[in-house]
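Note that the chains take the letters A, B, C, D, E and F in the order they are written out, and that residue 1 is the start of every chain.
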Amino acid sequence: MVDALIGISVLLPFIGAILCFLTKNPRGRAAIIVTTGVLLTLSSLLLFQNLHGPYLYTPGSLLGLNVNSLITFADFALLFIILGIAFKLGNPLVILLTLLQIVPLAYFELKMAPHVEVTPAFYIDNLALIMNLIISIVGSLICIFGIRYMEEHEHHLHLKKSRQPRFFFFLVLFLGAMNGLVFSNNLLWLYFFWEVTTFCSFMLIGHDKTEIAIRNATRALWMNMTGGVAFVAAIIFIFYNTQSMEYLSLQALINHGPGLTTALLLPFALLCFAGFTKAAQVPFQSWLCGAMVAPTPVSALLHSSTMVKAGVYLVVRMAPGYQGTFLSTMVATFCAFTFLTASALAVNMSNGKKILAYSTIANLGLIIACAGINTPAAIIAAVLLIIFHAISKGLLFLCVGTIEHAIGSRDIEDMRGLYNTMPAVSRITIVGILTMMLPPFGALMSKWMAIESAAHIPWVVVMVALGSGLTVLFWARWAGLFVSGPHLKVFEAEENQGFFAPIVTIFKGFSAKSKWKDPASIKVPLVTLAVAAIVLSLGVPWLYTSLVDPVLASYKPGLFVKPFETGPMGLTSGVGAFYVLPIFLVSIIGYLAAVIAAKQKDHRVFSAPYMCGEQYPDISQPKFRSHLNSWKDYVAANIYMQEFIGEDKISYWINSIALIILIVLFGEVLR
Amino acid sequence: MKRLINTSRVKSPWLIHFDCGSCNGCDIEVLACLTPVYDIERFGILNVGNPKHADILVVTGTVNHRNKKALKNVYDQMPEPKVVVAVGACGTTGGIFREAYNVVGGVDKIIPVDAYVSGCAAKPEAIIDGVVIALGKLAEKGKKVDQGIFERLENTQNFIKSR
Amino acid sequence: MARTVIPFGPQHPVLPEPLHLTLTVEDEIVKEAIPKLGYVHRGLEKLAEIRDHTQMIQIVERVCGICSTLHAMCYCQGIEALMNVEVPPRAKFLRVIWAEMHRMHSHLLWLGLFADAFGFESLFMQFWRIRERIMDLQEATSGNRVIVSVNCVGGVKRDIDAEMEKWILDTMKIVEREVLQLKSTIMDDFTVKRRTVGIGVLSKEKAYEMGAAGPTLRASGIAQDMRQTGYAAYSELNFEPVVETDGDCYARTVCRFNEVFQAIDLIREAFAKLPQSELAVKAKGLPNGEVVSRVEQPRGECLYYLKGTGSKYLDRVRIRTPTFANIPPLLEMLPGCDLADVPVLILTIDPCISCTER
Amino acid sequence: MFMTKNVLKNLMTKYATRLYPFKKRETFKDVKGELKIEMEKCILCGVCKMRCPSQSIAVDKQAKSWGVDPFSCVYCGICVDACPVKCLYQEGLYRTPLAEKDQVLHFQEAKSEEPAPAP
Amino acid sequence: MKDCVVVINEENTPELTPDRIITQTRILKDEGFRFVTMSSTDLGDRICVLYHLDKDLQLINLKVEVPKGTKIPSICSVYASAVLIENEIKEHFGVEFDGLSLDFQGMLYLDEEVQKTPFCKIGINRV
Amino acid sequence: MNMNDAIAVLAALFLAPLIGGLVAGLDRKVTARLQGRYGPPILQPFYDVLKLFGKEKMIVNYWQIVCAYMYLVANILTVVLLALQSDLLLIFFVLAVGGVFLVIGALAAESPYSQIGAQRELIQMLTYEPLLILVFVGIYLETGSFKISEIIATYHEPLLISLPLLFVVMGYALVIKLKKSPFDIATSHHAHQEIVKGVLTEYSGPYLGIIEISHWFETVFLLGLCALFWHTSFLWMAVLVVATYFGEVLVDNVCARLTWRWMLPHAWTGGLIMSFANYFWIFEKIK
């Protein structure tokens, strides 16, 4: 049963992808996507239900073929495809990087260690299960969202021939590759799935075939290929340093013998480096920002549940392996730096998707920094952050996508007052934003854990502190923009809805009479994710015991102590406490009181905003009388602190500093 | 409670000063009231500078065709209950300029005035007296305020419905 | 880059007088500033057609309450020239005394308002507290705190007796001491300097070309002061204009600050040299001809153009006040400044909209 | 920071505030305050009316009345100086502020001060 | 000579034709004269415009007289700060200036309530 | 929840506004005296708020109401959590909730002044938030806990002695939070500012009253933080709190307002240098 479920998780998307590619009928394709999504979700849930503790599994053969050889073959096939593409692109860098992988890998497979068999090939612990859940559920929701989105997208582009089959082929394939990646224990298999995600992301980013799309896709390709090269190098070094096949198993690598730490430090560093490239840490942030040219489902997928999470997963997974080493501190430093700078860059952006992109990079930085801090509490923080980030960020991307289709812009300045015209989506977006930045929501709780556990490394905590100040800035103003402007109309319409208006609209959205006209394939993902973000935050104590705690248990026994106590109120540790429920309750009560107050109609008058005595009589139109007695529209804009943190101004410095840190890291490791 | 609020109203009148076409004479005397020598903060008076926070509108100077619109707008943005003090010969009647071509006249041509302070320039003492007189009216209006508010509320509601 | 448009004025707490600026800012840096005037325009020059030339004195005094006496003086000077009247010497000296008292109260007032513009409330209070002493002097000598109505065609209406003279000189001492105490605050304080040094720089050439007047001009390094022409009794007093060279807000502050002391010195000197004579001579006839008359107001050069046609009523009274001249330099300074410096820059020219628009 | 000495001194010494309505200050000599008339002396010559720059005075020879609009009067004292019989004088104090505008009108026969309602 | 009071007569105030005003002011500017202001009077059917310029406290006046309705070239190009005063004269006397760098269209001070140019003895309708 | 906790919560709920209001009144009186004025009555803030509740409810946007209430709730919650001696970081995050809702409320009104005020408020939050975190981390490094109850129970020395520089760093945050010069950039007590009253421009009547009361809570919370620096002796705690507040009032009166362009980099550098110096000292001591 469990084996079958694992098979479904990995193989079903491959099958689904191929079916998508073959089906020309959009309805049929939609059905395939939905079925795949539902099945994946079910299988991941079942898997989660049935597995307690690490599960080892080595698939024997597939359709009569040895899986191991199959993957080796597929690996080379993939690399040669990329090589072919590289030649077609005429990009020497990509060619070089591909060759740098093919040659050593061939040498390794053929000369150094022919016919390596690493058992178990799959090692499925709770971390992998959590990843599987995220990938399967969030990923599927995004794919479902994509159905309708791509229809409109192609409509906008006026394509003659639909390119959706190809699009969904890669989109769904991605899920399978990710599932394979998180389950793999065999580093060679892991590498294969790793490259598949790289390749898929390349194809998806370049999907629109515009010049800029191809350029950005190429950038994504070469940056991730650097990671691939590091990965291959790591494999070779492991074998070379230990002269044993055993440590090609990830779990063995993590639980390596005490005497091996120095010998394995370089491979660890290389694998971390591979993780950094995939997680778009500075100086590799540009590929993820460039990926914004892709259709929104792609961005959502890359950012929330897949791709970047692969890098994060690898580093977090290996954390116990390099605990207490110099590498660990450097990882924390490097990624805290990423957190700080990416947050700063996000402040500078007015493009909604770019804000999300930089915020993703920042959050990944924080997650990896937690892995680097490497205390039990920090690892917990990292895992929680992975979960909450995936949900909220996926939600936000889908929201921006929906908004973009409605208003034709992804600039946050254009979302000013959007609450007037798209109340439901705006509310959900605001919920998404608040879950990213405010207590008692999960993302903030993980940040709380991160700061408390980082407290003993002052420079890391400083960077985290500065960075989190910056995140508040860009989130708060974005949330505020939605409600900016006169709101007479909306409130009038909702007067009879009582004070559960936000919740009510979300669910009423599904009734035929509702004003929220988007189709179900857009509503379902949005609502599910929004509700999940809130409910999971509320259930953090439960989440903690049932999900995160076992994560630790699956690590090397005895290495970790349980960092937190759960109680009815929330979590407490030796040094701090985070009361989820009370804060939640008080906030809700406050909110209800506020809404009741807002609904009371007694004595209230509307007034135009203060315009120094020159306001326009109609309060729904902010205007003022300017020179020549003309009516001038009042326009507002955010402060982007251009002269402090202009993107083009500081990117160079950020990249240089990041490179220096990396060089120090490797220099020290090699010493 | 109601009485408490009404007392507070008299004890905490926030003031906004609007200079229509004043020659600055009365202006600086209004400002002088805030400074150490006269210090009207003794009576809880603050110069808030924002009509939305203000209870008392102190107007100096003549009303002309351009600033009458601004004056009306500022007055409209003050929440009830509110009173208006017209200061100086200009503010009360148009003063020495009332025959000039661009002068409309006193403040009461545009908005209802609750206290008139004569002088050119009106002395700070006189301005304080004027404010005190206006406070009496403020307390009176406070009692009736609910009715007025309902009227305005109805207008707003009609406005919303008509759109 | 997204921009914010801000309606600045007419009713704005930092603006003592109504004036509208449509500011376009980007990251709080002003990119464009479009002025709108006319909130104080009364058209009082036109009143000359229905008020005779002596009544006009009362009206021009009310062009602006801050330098009322200087307006009257400038006007009377012109009428006296048209009617060939020689003002008695004591009247000339008394005119100087009142004029300098006016300058002191105006500069103290400005220093206070300027402090308020960069959010230094206690400094504002302190300057205004000192200023009240001068207001008392004005009230005691002329009967009115603000509109010091002492000038008439041919001289002055009131005298200053010995007792009053002593009181004035004593007060001057107190004021000098108290203002001196604030010197380090306004000139050396770190926060104050941050808000003034290097803000709103107006180069010498630019200031001259844009036609700036008064301290705005002198702070840019041009020693031009109408008092050098020696009207009233200035020709008999020891007078050198106060000049600064940097042309920024700080220089203008220092310039005005030093002019307060200069005014104190001039008052002392005037009392020392005060001659005995009658206060006014009777002017005969009616004004006929055209004349341009100029005096130095606290804010700079003020110009009156008067035209009489031999009747009781003047044909034309035209007033050009210093702020009118200083508005183009202001508009020159605004683009590129921080939004927070907008009030500082507006106040730095010591604007007086009522005289600009009349 | 240089202000510290100053403000601390203010804290230690007595405030500069005149507690105005509670403590009144003597007015200076010859201050131009509210315009008053000794009606019995007035000869209704109309000079004051002619000279007033604000045109606030109304003299009616028929009705034997002298009136002033106290709110448009600018306290300049021209009329006081101009009156040939010196029946006008200015009090030290300003006119008390009122909630309604009014006119001051004096009749010579009645020899009484009767404030009439605003026109 | 330093002037605080200048009585204007024929000797000290040359009268110019409107077309020479730009050249003349430019010459004076090159000599170092500062633009002080302009004044104008209504002469019945003509308008008199005076230009006041100053150098080292010495005042020079230029006089231009034109029939009502004639255009006068604007000296904005010579002295940029003249724009405000030219707008004012335009608004008060109905004199059109050619080449105003910023035209307030008669709304510098006045709103539409004032319908005639106020400073002319017989007002002209404002646009 | 035991009896003590219940009392603490009740005290926080009812005493805090009283104390906050009185402090505000004293503040105004002392400020007036520093300026040589007579000053308003001590109870003036209460009159003001009562009056505000009697005014017409005037709004630009419904969200203002919601945000005003949320601001109040968040500030009450901080004081309650402080009274319950809970986790410093948690309290800090709850404080941020208040700040965020204040900003959203200001952004809700489409008015130039409150919009710019909101942007500036955000920059001010950006300035003081990291500094506060650094202060709390310093406290943790010294005492080994983020929990106030734990600190009080296990640490028996005034914190001020080992964290003097961090106390100064907190001074920055205090100046900003109490809206005092030189950092009264987003909104100030006296509205003589280029952006009128910044974030509060569009609030009026009862809603302004709510915000005023929230500010009282905020004041109490900040003073509570000060008190934490001398938790061992009640007398010295009182002295420290009074001295700090007086210091703030004094600074308010001897400084011009600065701009955020200056504040952000300088407060950060100053704060960072001082925090690091203090951390270094702590580490030295531990060694």
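Throughout what follows, contacts are C-beta pairs under 8 Å (C-beta built on N, C-alpha and C of every residue); 3 or more make two chains touch, one makes a residue touch a chain.
Computed from a prediction, not measured in an experiment: that's the story for all the values here.
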Those chains which touch chain F and also touch chain D: B, C
Contacts common to chain A and chain E (chain labels): B, C
Shortest path length from chain C to chain E (each step joins two touching chains): 1
Label of the chain whose CA centroid is most distant from the centroid of chain B: A
Chain pair with the greatest number of C-beta contact pairs: A-F
Most widely separated chain from chain E, with each centre as the mean of CA atoms: A
Computed distance of Cα centres, chain F from chain E, in Å: 59
Whole-Å gap between the CA centroids of chain A and chain D: 79
Centre-to-centre distance between chain D and chain C (centres being mean Cα positions), rounded to whole Å: 28
Chain B and chain D, separation of their C-alpha mean positions in angstrom: 23
Junction residues of chain D, two or more chains touched: 1-3, 7, 15-17, 19, 53-54, 74-76
Sequence positions of chain F contacting 2 or more other chains: 32, 34-39, 56-58, 112-113, 115, 119, 190-192, 196, 201-202, 253-255
Residues within chain A bordering two or more other chains: 602-608, 610-614, 627-628, 634, 636, 638-639, 641
Those chain pairs that satisfy the touch definition: A-B, A-C, A-E, A-F, B-C, B-D, B-E, B-F, C-D, C-E, C-F, D-F
In the complex with chain C, residue positions of chain A that touch it: 350, 413, 611-614, 624, 626-628, 632-643
Chain B residues touching chain A - in the complex, by the definition given at the top: 18, 50-52, 69-71, 73-74, 76-77, 79, 146, 149-150, 152-153, 156-157, 160, 163
Complex interface listing, chain C residues touching chain D: 51, 54-59, 62, 120, 122-123, 126, 129, 132, 136, 139-140, 143-144, 147, 149, 157-158, 181-182, 184-185, 188-191
Contacting residues of chain F [partner chain A, same complex]: 56-63, 65-70, 72-74, 77, 81, 86-90, 93-94, 96-97, 99-100, 103-104, 106-115, 118-120, 122-123, 125-127, 129-130, 133-134, 137, 140-141, 144-147, 150, 196, 201-202, 264-265, 268, 272, 275-276, 279
Interface residues, chain B side, partner chain C - complex: 16, 18-29, 31-32, 35-37, 47-51, 61-62, 64, 66-67, 70, 74, 95-97, 99-103, 120-121, 123
